[in-house]
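Below: one structure, written as structure tokens.
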Amino acid sequence: MKTGLLLGRFQPFHNGHLFALRLILNENDRAVVVIGSAQASHDAENPFSAGERYEMIRASLTEKELAHTAIIPIEDINRYPLWVAHVESRCPTFDLVYSRNCLTAALFKQAGYEVVEHDYHQRSQCSGTELRAMMSAGKAWERNVPKGVAAFVKSIGGVERVKQIG
Amino acid sequence: MKTGLLLGRFQPFHNGHLFALRLILNENDRAVVVIGSAQASHDAENPFSAGERYEMIRASLTEKELAHTAIIPIEDINRYPLWVAHVESRCPTFDLVYSRNCLTAALFKQAGYEVVEHDYHQRSQCSGTELRAMMSAGKAWERNVPKGVAAFVKSIGGVERVKQIG
Amino acid sequence: MKTGLLLGRFQPFHNGHLFALRLILNENDRAVVVIGSAQASHDAENPFSAGERYEMIRASLTEKELAHTAIIPIEDINRYPLWVAHVESRCPTFDLVYSRNCLTAALFKQAGYEVVEHDYHQRSQCSGTELRAMMSAGKAWERNVPKGVAAFVKSIGGVERVKQIG
Amino acid sequence: MKTGLLLGRFQPFHNGHLFALRLILNENDRAVVVIGSAQASHDAENPFSAGERYEMIRASLTEKELAHTAIIPIEDINRYPLWVAHVESRCPTFDLVYSRNCLTAALFKQAGYEVVEHDYHQRSQCSGTELRAMMSAGKAWERNVPKGVAAFVKSIGGVERVKQIG
Amino acid sequence: MKTGLLLGRFQPFHNGHLFALRLILNENDRAVVVIGSAQASHDAENPFSAGERYEMIRASLTEKELAHTAIIPIEDINRYPLWVAHVESRCPTFDLVYSRNCLTAALFKQAGYEVVEHDYHQRSQCSGTELRAMMSAGKAWERNVPKGVAAFVKSIGGVERVKQIG
Amino acid sequence: MKTGLLLGRFQPFHNGHLFALRLILNENDRAVVVIGSAQASHDAENPFSAGERYEMIRASLTEKELAHTAIIPIEDINRYPLWVAHVESRCPTFDLVYSRNCLTAALFKQAGYEVVEHDYHQRSQCSGTELRAMMSAGKAWERNVPKGVAAFVKSIGGVERVKQIG
């Protein structure tokens, strides 16, 4: 069984993330999605709690995709040389790491993992930073996220929270 | 949608836990399973890492059950008055709490949750403490855990680890 | 008995804070004053230790006011969803929260508290940030703080410390 | 102005503590009472939160005594060589330390403080450990604590909590 | 260049430790000595601070031995799966690990290190636990430690501290 | 015996640091070098781990200098009033502190130490910040560090790391 790992903060989970996750599910038997900075919420960079981000991911997947995806919230450890061991201790075993972050890629490569540097942001033309800015500015952000995410964010008053904190 | 919460350390995940989880899935639309003490592993009370316990739970469920179950590893916070808020911030929203621990039950009741004090240990006649003792003593522990758990524990040399640490 | 809560860092305690505290004592039977970021001191934003800020508040109140005021230093917890539970576990019970901070107000409202958004800064025309800048620049800051605070700050070489750190 | 420091966990605040505090107020201009292990509550050694212990102390003092007493909750730092500096940074300045704990006495002496080894437990014939045991066993504990403490403990269901946790 | 790692708490550094360290220096180009639980001191298991233990080791070595030995105090991380990465990030590179602790040995082996299970305690017939008990009981402990350690412990009143804490 | 203390982050250890350390060894019987922010690495301000910085210092000293120098990695404690006690508890006893940092100097003076405000940066015309910028920009940084440091940084791919993180 081959497992691919996707790391992100998912503030919020958007179409680019979903694109990457589906790529992983196509190329592997299962996916592990790490919700990073699980301890953070209600600040400008991290408006949503780990529980809320978990809901966003679940709301974006089919039942079959869900059954092949492990979603794992992980707190920051803030000590880079321990990051790979920290992720390993919290997750099901994985084989491949999908990342566009240089440092993450370097740390996992150094620990012996194959790292796939995917390009989903280019394809989806969206990022968490931009989406939070669009929410703050009252622009139309909804088409950049899965429908379930848009509905969930609205149900918890997420746009108001982003405006208030930003 | 109604969601039931199950809290445990799952050292290891055994038939009693599976019984309780299936009870929750029968009585609710979905289940949230909190893997407590996620930071702990490789000690006598907590031989298995959060990632390993995650694998045990996944190996025990059908694909359909998995799609309706959120498994959330959570680190101890060691401050009881903050425990409910800590769990809430990490999990999808839940309605009912299934627990046999007095303090947990009291804290969630005080926060306004309905608490179901289930009796799975009596029915299954097993507990994590006993199972670790059986592993240490070389007794037959396998029939008290789901088949997938027994296979997984063996695949990682779990019994040897328990003997070494204990 | 009705209790009002005032939250602040009090770097330093100034006339605006005293104005708010007396408002609370007028409208309630007693006041709880939380000295936030109790762990911080000797940095540009937080020149004074929790103990020093405690002395400033005591030096500003009459004996009768002191007897009706609980002053509680609290360390940051840096996890917003736990902030209200953290404050509750450290303080005497309170009913009303006086705050001008949007996030604080939102978190306490969400937890069911009545929040009073007072306007003491406008009335007193001073803020901690401005006062620290005035100290650094050698300007006359003393008239913006209670007399006891001015005397205490001088007695510990506070202005020199602010200049040195700033 | 001379200030005496009293350190304790006050689980619960009892007649021996009150005796010591009044001794300090007689021999000094004011008292600083440190509520130690402020982070702990809801466990067998520490059933009451820092906020609850604060209420117990306030309920035991007259208005005049309150005006001359600073009550400061302090979290454990678990590094003995830093303990004195930790206490100093959180408290108003103090001159004398009242303690019956050998290590505490040694650490404060080494830091240059005069330490008074008072004997209030002998006089009052009670201790926190005994009082919690009496609560658990359903014995009459009330006469060993100030009246305000007995009333407060009952108002929060404290005896039930001690029984449940113990 | 070949480097051997010695891990211990060194409460206190005794003849068995010195024997092991000299063995490492004979078999390698240099030694790395990790002072574990660096944060601990002044408790029954850990009477001496990291700085004091550093002095003990220095006082036991010749100038030439010192020049080939790196002494590194390391705080506990309390998460076993991160322990090897934690040690690696704080120490000069090392090749061999000398240990008699089963878990330590297992963790370093799993990370790919060669582990030497030396038997110095048998040879030296002493252990930290026994030495602290001998100090407490007023027995002759001095001949089980290097001369420099005995002199240093006396110079800081170490025996009195062990008696007081124990 | 007189001991001088040198505090720094040594990102990287450069000629100015070596100049200061040799000054200390000339004026004292031995030196204690504290590697500050020991927990940090792989970020823009702190590219090198504590273990790597330890190697840099060792690679810069003669065998005789090494025998008279204690190198102690210390984690940040982020509470200034505890900083001196934290350093004291981790280090061999010291008499003099060499520092150019105003706050450090003030804290150690307040604790009763003599502080020497040396001027090595002026003499050596280099600083860690500048050196990291030179590495990032591909400029010649090597002549500003001891030869052993230049060789070590190259052997671990340090320049590439600085470029990648910066």
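Labels A, B, C, D, E and F are assigned to the chains in the order they are written; within every chain, residues are numbered from 1.
One rule holds for everything that comes next: contacts are C-beta pairs under 8 Å (C-beta built on N, C-alpha and C of every residue); 3 or more make two chains touch, one makes a residue touch a chain.
Since the model is a prediction, treat every value here as computed from it, not as a measurement.
A.B. asks: If we look at subunit D and subunit E, which chains touch each of them?
C.D. replies: B, F
A.B. asks: Using direct touches as single steps, what is the fewest number of steps from subunit C over to subunit E?
C.D. replies: When the steps are counted carefully, the minimum from subunit C to subunit E is 2.
A.B. asks: Which integer distance in Å separates the CA centroid of subunit B from that of subunit C?
C.D. replies: 44
A.B. asks: What is the distance, in whole Å, between the centres of subunit E and subunit F, each centre taken as the mean of its C-alpha atoms?
C.D. replies: For subunit E versus subunit F, the centre distance works out to 25 Å.
A.B. asks: Give the residues of subunit D that touch two or more other chains, as numbers and ranges in rising order.
C.D. replies: In subunit D, 41, 49, 79, 81, 88-89 touch at least two other chains.
A.B. asks: Can you give me every chain pair that touches, using the contact definition above?
C.D. replies: All chain pairs meeting the touch criterion are A-B, A-C, A-E, A-F, B-C, B-D, B-E, C-D, C-F, D-E, D-F, E-F.
A.B. asks: Within their complex, state which residues of subunit B touch subunit D.
C.D. replies: Going through subunit B, the ones touching subunit D are 78-81, 102-103, 106-107.
A.B. asks: Which residues, counting only subunit C, touch subunit B once they are in their complex?
C.D. replies: 77, 79, 81-82, 84-86, 88-89
A.B. asks: Quick check: in the complex, which residue numbers of subunit D touch subunit B?
C.D. replies: 39-43, 49, 161, 164-165
A.B. asks: Of all residues in subunit C, which touch subunit D in the complex?
C.D. replies: 38, 41, 49-51, 54-55, 58, 63-64, 66-67, 70-73, 75, 88-93
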